[in-house]
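Structures are listed in the sections that come next.
In what comes next, chain A is part of two complexes: it sits with chain B in the first one and with chain C in the second one.
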Partner chain A sequence: MAGIAQEKRKSPVVDDKVHTWPHLVRVEFLVGIFVMLVLILWSLLVDAPLEEPANPTRTPNPSKAPWYFLGLQEMLVYFDPWHAGVVLPSLIIVGLMMIPFIDINPKGNGYYTFKERKYEILTFFFGFHVLWVSMIIIGTFFRGPGWNLFWPWQHWDPHKVVALTNVDLPYVLGFRDYFWSSVCGGVVVFGYFVVSLAAFYLWILRVKGKDFLERWGMVRFLITALLFVTMLSLPAKMFLRLAFNVKYVWVTPWFNI
Partner chain B sequence: MAVRGFDEAEEKKSYGSVFLLGSVLLVVLTLWAFWDDNFTRRPWKQFQAEFYRLDYRKAEQAYEEEDKKLRADPAYQELVKKLAEERASLRGGELAKKLKVLRRDETKADVRFTELDQEVKFIKSELEEAWYEYDHAVQQGRGAKPYEDRIRELEREKAGLDPQLEKARQEREQIKEEIKKVNSGIKDLETQIAKLTAERDKWVKAMENATLNAGPISFYKIPKIHQVVLEEFDRNNFDQPVARVDRCQTCHMAINRAGFENEPQPFRTHPRREVLLADNAHPPDKVGCAPCHEGQGAAVNSARQAHGEIPYWEHPLLRGAKVQSSCASCHLDVQRLEDAPLLAEGQRIFEQMGCTGCHLAQGYEDVPKVGPSLRRIRAKVDPGWMVRWIQNPHSVRPRTRMPNFSLKEDEAVAIASFLWSISKEEGEKWLQEQPLPASFREGDKSLVAKGKDLVESIGCKGCHGFAEGEVSTVLGKEKELIPNLKNIGEKVGPRWTYHWLKNPRSFSPETRMPSLRLADDEAMTVTAYLMTLGKPADEKPSLEKQLQDAKNIKRGESLVRKYGCFGCHDIPGMEKESRIGVELTTFGSKTLEELFFGNRTDIPITWDDWTTNKLKEPRIYATPRVEQVMPHFNLTDDDIKALRILLAGFRERKVPSRYRADQSQRAVQVVEGRRLMHQYNCIGCHEIEKRGGFIGKYYENPALAPPPLNGEGEKVQSGWLFGFLKRPIPIRPWLNLRMPTFGFTDEEANRLVAYFNGLSKVEIPYAYFDERKVPKEHLDAARILVSKDFFNCFSCHQQGERKPEGPPEGWAPDLNLAKDRLNPEWIIKWLQDPQKVQPGTKMPSFYPGGPDNILGGKDDKQIEALRNYIVMLGRKGPAAAASR
Partner chain C sequence: MKKWEEIKRDITENQVWKAIFRHGYEDTPRNRVLMVTANVWLHLHPAKVRRHGVRMRFTWCMGGLTFLMFLVTVVTGIYLMFYYRPVAEYAYADMKYLEFDMPFGMLMRNMHRWSAHTMVVFVWLHMFRVFLTGSYKPPREFNWIVGVLLLVLTLLLSFTGYLLPWDQLSIWAVTVGSNMARATPLLGHEGPFADLVGANPIYDARAFLFGGGEIGPHTLLRFYILHCIFIPMVASLLMAIHFWRIRRDSFSGPPL
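Our next item is the complex of A and B:
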């Protein structure tokens, strides 16, 4: 922290404050007017989307969570409920709480910058927009009856049938015995973490340099790497599922991944 | 690095134009929002304004027309002239002076009376107080003497004033009377004019109803929502009672007003308004419209929304005849309703076509199987015929109720062989016990001719046809409820026929074919005749072997199970099988997702189209993978429409009992009894509920056809009817027709009696007639009345052994039976006006207009005397009756 203070003191002193009035208030007022215009126009042109009355004997198909949960619901397609519903969301929250600890880049305080925070912003962008928001969009617009995938121009046919041919990864690799399948799955999962941790290390080394790694420290590196690699495991699993019909990578009597 | 710091140009920049643009847009949008809220989304306001204008214009027109008529009416002109004269005469001259004096006197008398009246009232009030003081003093044990004195004093005062008051009242009344007399001429004329102008002034009221008058200005009424709320009418999907809100009459304002029959919608009057919207039926101000017509009753934003013809609304407006499907929501007995003919027809078809054999539906669980028992089928039919029949019944008998399962020949053979095998034991046993009489000679001309005569005279034709197109009882548009026998010789042999005719129930205990109590020789002649109708086709020699083939038998059994033959037929070993079709109790509420359209692209995706096409071509939605087994019934489009309306009424809807029509035990009995009546086809011969009596078309003289049974419950005694149903006796011995013995169980006979009683709304089925109370003069008078000199009753009516004197086609039932048979109250009604009780009867009407010299010439007395006489006739004699 001492370093940051020093850096600040060194920078040239500029007058970086402007008055609330008129700079902020009048713009806010104008924005307020136009937001109201849009809302009024919207309410005039589009009626509230009502469907048939709720009926406990007739489950709607598809049954969808509120839109902000559709990312989670989409993850359930690829993982066990305990994993997609408990482990991953917990890691998301924990990871967000960790950001002040693992982010040692002081740039961008009080102003907008991309260049000075390229990797931080890109990582967040990938996690939030590409994974979370895009899954909400998929869940909202691309999932129809039977939670099947539909293109927006396709009719949501409630009777659509999609062949169920998913198998576990060890099965694909030729394992038929339950025990050895478990072992194989474990090896693959651990292997994934080991290999990607190493790759992450090499990558950081290349783009940030040794100095940064030393300043960052072992603990911060490991936490970040674990979170980053876990985040990447989601698209990895999605790819395995969509491209190779892989159901689970690791099947054990207690959990499946 | 971002540019930070103070920018002077930014501070000086004006946003005035943007602000102006935003403000203008805001104003415009606000006005638009106001317009949208008040006009675009409230089209009913325009409708109402339009309606009030229309209503006012109509009233005005009618007023002017009436006014013109009045003006042209000389009587009216005369009266108006007279009135003017009368008024003028009161305005001046002697009379006016007199009236003035009288009016002054009246005022004086009025004042005098009011003064006195007030004085008396005060005294009365003081008396009340004095009595209170007196009571109070007594209750507290104080001396009551002073109060007693006060009371006495006040009463004295009152006694003094009372006559004065009475006198003042009389004076006043007298003056008033005199004034009235002077004015009476005007009053009289005014009443006469009012009578003439009533028709015209009615329209003034109508005009006032369409307008709002505020002082000197008047304008059309301000539009408002007209809403009917039916508390707890519906149940929501969580089974909680919810109100139904119905605002239909916000636009349909003339729905219950005469005079708008030819206006365009939404202002048209409801058809059959007098009946359907009557206060005892469906008054729209109390029940609204949506309970019958559905739609989104609470919506008023647009016609489309209000009619519920939008996505997600589950009960769109029932257009056209489909509204009849709603009747069943509240009416248990829908076949009685005149305005739901298609629904009633649909119900008859549904019950009698055998739909319930495969499909369960609430309220139709106990409909008996419609087909004959196959327990002894081997003893009955020709095997070759059987195979042809199973393969496609419509090719054998196009109008049969048996549906076509579109089987291949080998499948038909397999089913036949299965049925052949299961009926082997019982069938052969029955055949052994029932030999053909040795005297039977097939083809004997005289037997055949006699048989034909018998068939045509004893009533076989009430149910069966005997030639192409000959049919009496039709189900739906053209289905034969009972087999046409024109080719019966192809199907059955003489041995079975003979014994079947003699006693159908010995062959099949559950059959609805009745016994006509044929003697042996009669049965023989009928058999001989029937055997001339068609000859068995030459059997393929291999068939017998195929029928014995165990593989065929096994295959036949699985086919019988697959197609659910046991739904309509009694098949040994399959008595407990459940229905193979889908349950239809809530079929009308099925959503489009629940209806399987298969790969059809030519059928519009609606409930109506799905159902129509399913009934027309039952396997239309089959795909290469999805097999459908529902057979083809060959229904006409009209039948399909009727069935569709019935099915549309099979809804998940429970209307609370307080909104429902008659659900009493009596209504249940009528529904059940009618079903039984249809099962035994009583309407083949008798007209019941103004329907049936189909055999009548073979008779030119209706007197020779079976009697109509409209109002039978009121006419006959329940006990007698029960006995008659169990064991019919000839009531009209001159008829060749025979009331068959159906072999009803006690329960069935009771149900039929309850049905007839329910139809006639008989509350108390048993009535006692006390002959000891019959005065002798009645009997004497009646004896004269029935004699040849007067009504000559026995020229037509039989009396015990005594045959009527007139020609046989004029004969009428035995009056000796009346005692046990007829309801004494009914006899009176009958004698009063036979044509009213039974239109078209040949019984002459004697009243009003009985002879003057008997029982004082009073019709009522004479009728009662006749009734008493008729009821006494059945006894051994008046003396014997009296001694009992």
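Our next item is the complex of A and C:
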């Protein structure tokens, strides 16, 4: 009786809420049972791998990291470990955490929409699906001995000969002196950031307008632009490598990019 | 002979039963709320939720299923811990023992492995869904940060567990996966500016992770403790915060 009375008191309040029990708990329960069923069947049918005992003196070729890190291992083809393995992953994590603070679009909060947040979704799609997931797929299925490219159905030939014809960008541009090569590389890397930051600014100005830029503020703009431009530096370097066999853009005594 | 109703009443209407089960399945709005608020597990949910936030095509159920996968790894993981010793001499033999001699050993190991992989996929899909619905926007910014930390911890949980079978697959995958640590700028002995800090092969970021210059028995124990105690504890704490914040910031839907 108390329950009915309570409902009567509440009924004038209009809201679209439903009771968690049973409406939400029911969905969770059924989906949970279904997933557990699939998991148990999968575990009955497919055994987890167990290879021969660990032997630090016998390195398998190729040595692959767990699949979820193969995107990072694949990036090692294009950048040195300090960059591909430490700086870029840290930027991914920090960049993800920044998202709520650099995205000031009040629309699309709590519902699906593409039209109202086209650029946000396309950027996320590019970073997550195009870069991260496809790098994992390449690393998992298309890399064999010597980290060379193989088709998934192709025989892994450990003696596959791949010509190492990569050269540094300053060399391609005609620099032969060590010092001036280094200066040239530095100019190219800094130039890339300056030019793409400016391009990013003009692009935002065109598609979002001056009003938006003022609301967005300098700090948000710079953080977003730096993260965005750094993300694009990966496909840029991939292009330089695949099209022009460029090994490093910038060679210094301390680090290479 | 007593009637069915009377037997039922005898069972449910006594002090012991009522001390444990506070209320029945009576379908009244009051009882529906009690079902959630008086239950330690369900009270992570608010008593009422938005109609559209319940739909599967909105949530994809990915957050909840990630948690389910975590629970599966905890349960199966505890079972495996009974039979596994994180000592280089025994670890691999224990794996074989577990697979061939222990009741349900292979099944438990498979479930542990596959649910861990599934958890990684689900947590990524969960992040993608939360991004698509803009559910990180005010007032949920902080919960997104906690979520990113949980995503990193999921990967670390999976990675530290990868070493434990102590077979060729695990030590070389972990070797490759943590080689990057020795290239950390300043802190890794192969990284830029390492000589400024004095990092060397047995005293740098990777040695700290491994408990020595090379992967070895010390690494196994270190990863075992990280995998079974340290990371699950931190992850559980963050999960508690994560779920609590979902509830406080109104579950799935535009803020009021």
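Odds and ends about this structure:
By our rule, the second predicted complex is superposed on the first by the 242 of 257 C-alpha atoms of A that agree within 3 Å, B and C clash if a C-alpha of one lies under 4 Å from a C-alpha of the other, contacts with A are read in each partner's own complex, and residues count from 1 in each chain.
Methods note: a residue touches a chain if its C-beta (ideal position, glycine included) is under 8 Å from a C-beta of that chain, and two chains touch if they have at least 3 such contacts.
All values derive from a computational prediction rather than experimental measurement.
If you count the residues of chain A touched by chain B and by chain C, you find the higher number for C.
Look at A:Met36: by the touch rule set out above, it reaches both chain B and chain C.
In the superposition on chain A, A:Phe124 makes contact with chain C only, not with chain B. Contact with chain B, but none with chain C, is seen for A:Thr57 once the two complexes are overlaid on the shared chain.
Applying the stated contact rule after C-alpha superposition, one finds that A:Val86 touches chain C and leaves chain B untouched.
In the overlay built on the shared chain, the residue A:Pro158 is in contact with chain B alone; chain C does not reach it. Legend: residue contacts after superposition of the two complexes on their common chain; A:Leu44 is shown touching both chain B and chain C. In the superposition on chain A, contact of A:Leu96 is made with chain C only, not with chain B. On chain A, the surface patch touched by chain B in one complex and by chain C in the other comprises residues 16-19, 22-23, 27, 36, 40, 44, 50-56, 58, 111-113. Considering their complex, residues 1-2, 4-7, 10-11, 15, 18-19, 22-23, 25-26, 29-30, 32-33, 36, 236-238, 312-314, 593 of chain B touch chain A. Contact residues of chain A toward chain B in the complex are 14-19, 22-23, 26-27, 30, 33-34, 36-37, 40-41, 44, 50-58, 61, 111-113, 158. The touching residues of chain C, counted against chain A in their complex, run 28-33, 35-36, 42, 45-52, 54, 56, 58, 61, 64-65, 68, 72, 88, 92, 95-96, 99, 106-107, 109-115, 117-118, 120, 124, 127-128, 131-138, 140-141, 144-145, 148, 151-152, 155, 158-159, 162, 165-173, 175-177, 179-185, 188, 190-193, 214-216, 252-255.
Residue ranges on chain A touching chain C, taken from their complex, read 2-4, 6-7, 10, 16-25, 27-28, 31-32, 35-36, 39-40, 42-44, 46-56, 58-60, 63-69, 72-73, 80-82, 84-87, 93, 96-97, 99-101, 103, 105-113, 117, 121, 124, 128, 254-255.
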